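Next up is a structure, given as C-alpha cells.
In this document, chain identifiers A, B and C correspond to the written order of the chains, with residue numbering beginning at 1 in each.
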Amino acid sequence: MPDPVLQLDDLHKNFGGLVVTDGVTLDIGAGELHAVIGPNGAGKTTLINQISGLLAPTAGTIRFDGIDVTALPVDKRAQLGLARSFQITSVLTRFSALENVALAVQARDQTSYRFFGRADREQTINDAATSALAEVGLAERGDILAAHLSHGEKRALELAIAIAMQPKLLLLDEPMAGTGHEESARLVDVIKRLKGRFSMLLVEHDMPAVFALADRISVLTYGRILASGTPDAVRADPKVVAAYLGEEME
Amino acid sequence: MSTGLVVVQILNGLQFGVLLFLIAAGLTLVFGVMDFINLAHGVQYMLGAYLAVAFYALTGNFLVALVLALAAALVFGLLLEFLVFRHLYDRDHLEQVIATFGIIIFLNQAVKTVWGAAPLTLPIPEIFSGSIVLMPGLLYPVWRLVIIGSGLAVGLLLYILVGYTRVGMLVRAGATNARMVSALGVDIHRLFMIVFGFGTMLAAFAGAMIAPILSVEPGMGDTVLILAFVVIVIGGIGSMRGAFLAALLIGLVDTLGRSFAIDILRLVMPPSPARTVGPAIASMLIYVLMALVLYFRPSGLFPARGRG
Amino acid sequence: MNQTLAASGTLASQSDRVGGLPAAIFLLLALVPFVAGFGPESYVLGLFTRVMVFAIAALALDFICGYGGLVSFGHAAFVGIGAYAVGILGAHGITDMLVSLPVALLASALFAYLTGNVCLRTKSVYFIMITLAFGQMAYFIAGSLAPYGGDDGLTIHLRSTLFGFSILKNDRTFYYFVLLTLLAVYLLFRAVVYSRFGRVFRGARENPTRMSALGFDVFRFQRVGYVIAGAVGGLSGFMLANATEFVSPAYMSWQRSGELIIMILLGGLGTLHGAIIGAAAYLLIEEALGGITEQWKLIFGPLLVLIVLFARGGLLGLADKVRGRLSRA
C-alpha cells in the first residue's frame, strides 16, 4: 500500500504559553481532497504554516510522500512537490498574471541560474503558464498586471500558480476568502476538476464548498482534531454539531 | 601588561559602553516603536556637545549648561520631528535613510558655519576634575567614573520608566506592535513624540557628558552612530535590555581589543607583524563579533518582536 | 509600502519604451572628449571620467537595491577594495591589469560573499545597518594598513598596464576605456534583470515568502546577486584608482556609500540608466555648487530631504510627470 502523501504525527505548536496545535495526527492519501474545518481561532492557519514549513512545530513529525520534512525549509518542501496558496493574497503585484505563473513553471524547471536571455519570452515556459491560467479561467488575462486584477481573479491566480507547480499535495488556505458568490462557485468548479490529479488539503469556512468537494473532512477545535471522516459521518457527529452550534450562539 | 593597566582599560571600556548605551537607547526605541531609521541621531549627540560648550561659555556653570543644552536639544529635536521626520514614518527605510542623511550633511555643515571647524573643548567641572586612587599606584580620572555612574543611573531610570510606568508599557507595546496600540485608541502621535523627545535628550546628554573628554568637532557623531547601530543590531531592535548589554559588550571588546591586540598577538607571532596586523584586527573585532551574533541569532540577542 | 520609490522596471514593456534614452546618454558621453578641449590635464574630461566610474558602482547598487530590494549602505567598501587591489599590487611593482583586475574583482566578490552570508540572513531592516557596519569595518582595516599609507592613503605611480604597455596613460584613451566598461556593465545588468535569474531576484524583492513557497532558495539567489554587485563595485574601484592615481580609506567611507545611494535615488531607482543619470547629476551638482559657495552643503542637505519628500522616482520620475503634463496640455 503506497505511503499517504501527507502524514502528521502528534503535531504540537506552542507560542510561549499559548498552545495552538495540541497533538494533531492526520493522514492524506494520494488523490484525496481532505478538508479541514473549524471555528475561528481553532489553529487552522497555524497548522497549514507548519505543513508548508513557515512555522516549525514544537513537537511531532510531518512526513511528506514518505519523507520526514519536519526540519526542511519551505523551498525544499516546495521542490519535493508541496504547493500552497495563501489566505491573504500574495501574488506578485508588479508582474503580469502570466509571469506570476511562469515563475512557478520556472521553479519546477530547477534551472534558474540563467543570466542571459529574456525569461518572459521563453515559449515553453509561457505555454505551460498559459495552460495553467486557462484551468482557472484566466487565459485572457495573462498580460494584465496582477495588481490590476479583481480580488476574485487574484484568488484564481493563486490557484493557477499552485497548479503550475504540478504538486503532489496542494495546500489551499481559504481560497474562497473574500470572493463573491459567482466567483466562489467558479473556484469550486476549478477545484472539482483538479480532483484526482493531486492531493489537496483544503482549509475553508465556506461550508457548501467544503461539502461539495471533500472526500474526507477533519474538524479542528482548540488545536486538536475533534472528528475526522467522510462528509456525511462528520455532519452527523454529535460532537461536531455541538462545537458548531456553540460557535453560532456566540 | 600589568593588572593596573587592565583595570584602567576595563573601566575605559565600561565608560565607552555606557556612552554607546545612551545613544543606542534612543535609537532603538525610535526604531522599535516607530520603525524609523534615524541616521540623524548621531548629530543630535554632536549638538548636545556643541550646545553644552555654548551654554558653558554663557553661564560658566557646567550643570546649568547641561540642563540648558538638554532643553535646547529637545526643542530642536522636536522641531526636526515636526518638520521632517513625521512625514517619513510611512515611507520606505531607504527614503528615511536618505532624508536623515541629508540632515546629517546639513547639520555637520551648519555646526561648522556657526562654530568653525576647529575642535572645541569644555573644561571638566571643578569637583570632578581630579583623579582618584583605585589601587596603589593607579589613578583614574573622576570624570570618567561620573560618566559611568550617570550612564548607569540613566539606565536604571529607563528600566523603571519602561518597565513600570504606563507610558513605558505603551512604549513596550508599541515596540511589539505599533498599529495595534494605535487601534486600541492610544494617541500614537503623542507617544511617538514622547519617545522621540526622550531619545533626543539621551543622545544630547551623552554628547554633553563626553564633551569635557573628547574634542567637540563637526562629524563627531558619525562614527559613534554606526557603532550605535552595531549595538542595537546585536542587542535586538526595540530592546532596552539588549541595547544595554550589547553596548557594554562592545565598549569592552573594542577598548580592550585596541589596547591589547598587539600584546596578545605577540604571544603567537614576532613583534613586527604583530604591530602591523594588530591594529587591523583590533578594528575588525566588534564587526566580527556582530557577524557571529547575527549568524546564530539573526534578530539579535533580545529582539522586541520575538523570534517567532 | 514598496510602491513608494521605484520606477519598477519589472514590466517588460517599460524597458522597451525607454529604449531611446540610454542610447542618448552613451552617445553624449562618447562626445564629451571632443567638447572637453585638448590636452592631458583637461578638467572636464577628468570630471566625466569620474562620473562614469561612479556610474559603474551606481549601476551595481541599483541592481541590488532598485531591483532586488537590498538596501546596501556599505557599497563603497567594494569600490575601495577594488581600488586597494590596484594600490597594493602597485606598491609591490605589479601593474599589469591582467593581474590587478581579476584580483580586484575576486577580492570584492569574496568580501561580498562573506558579508552577504551574514547580512542576507537578516530582515531587510537590519540589512541596512549591517552593511553600514561592514563598510565601516573595511574602512578601518584600510586605515590601519600602515605599509599601504594608512589613513593618508597611497599614491599610484603608474596606471594599470597591459603586457607592459602603458595603454591607459593617455587621459582620452582612459576615458574611452571606462566608457566601454560602463557600456558593458550596463548591458550586463540589463540582460541579467530580465533573465530567469533576474526574475527570481526581482520577485524576491516584493515577496520573499511567495518565492520560497514556489521552491526558490531566496537566500542563495540574493547572495549571488549581492556577489555580482560586489564584483562590479570592485571593477569601479579598479577604475577609480586608475583615474585618480590614488587610493585612500575615504573611498570606502560610509559617506561615500551614502552618496552612491543618493545617486541611484536621484536618477530614479530601479531603472539602470537612472543610475548613470544620478551619478552625473550628483557629481555635477557637487562641482557646480561647490564652486559657488563653500557652504554648499547647507543647501544640499535640505535639498535631499525635499527630494525624498516630494520627488519620488528621482529625475526620471520628474521627467515622466512633466511629460505626462505636457501630453495632457
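For the reader, a short list of remarks on this structure follows.
Definition applied: a residue touches a chain if its C-beta (ideal position, glycine included) is under 8 Å from a C-beta of that chain, and two chains touch if they have at least 3 such contacts.
This structure is a prediction, so every number in the text was calculated from the model and none was measured.
Located most centrally within the structure is C, per distance between chain CA means and the overall CA mean.
Across every pairing of chains, the maximum count of C-beta contacts belongs to B-C. We define each chain's centre as the mean of its Cα atoms; on that basis chain A and chain C are separated by 42 Å. Our note on geometry: chain B versus chain C, Cα centroid distance of 31 Å, whole angstroms. Centroids of chain A and chain B (each the mean of its C-alpha atoms) stand 48 Å apart. Those residues of chain C that touch chain A in the complex are listed here as 8, 10-12, 191-192, 194-200, 202-203, 206-207, 209-218, 221, 224.
Against chain B, the residues of chain C that register as touching in their complex are 1-2, 4-5, 65, 71, 73, 115, 117-118, 121-126, 128-130, 132-134, 136-137, 140-141, 143-147, 254-255, 258, 261-262, 265, 269, 295, 297-298, 300-305, 307-309, 312. Residue ranges on chain B touching chain C, taken from their complex, read 35, 37, 84, 87-88, 90-95, 97-99, 101-110, 113, 222-223, 226, 229-230, 232-233, 237, 276, 279-280, 282-284, 287, 290-291, 294-295, 298-300. If you check the complex, the residues on chain A that touch chain C are 52, 54, 73-76, 78-79, 83-84, 86, 90-96, 99, 102-104, 106-108, 111-120, 122, 145, 161, 165.
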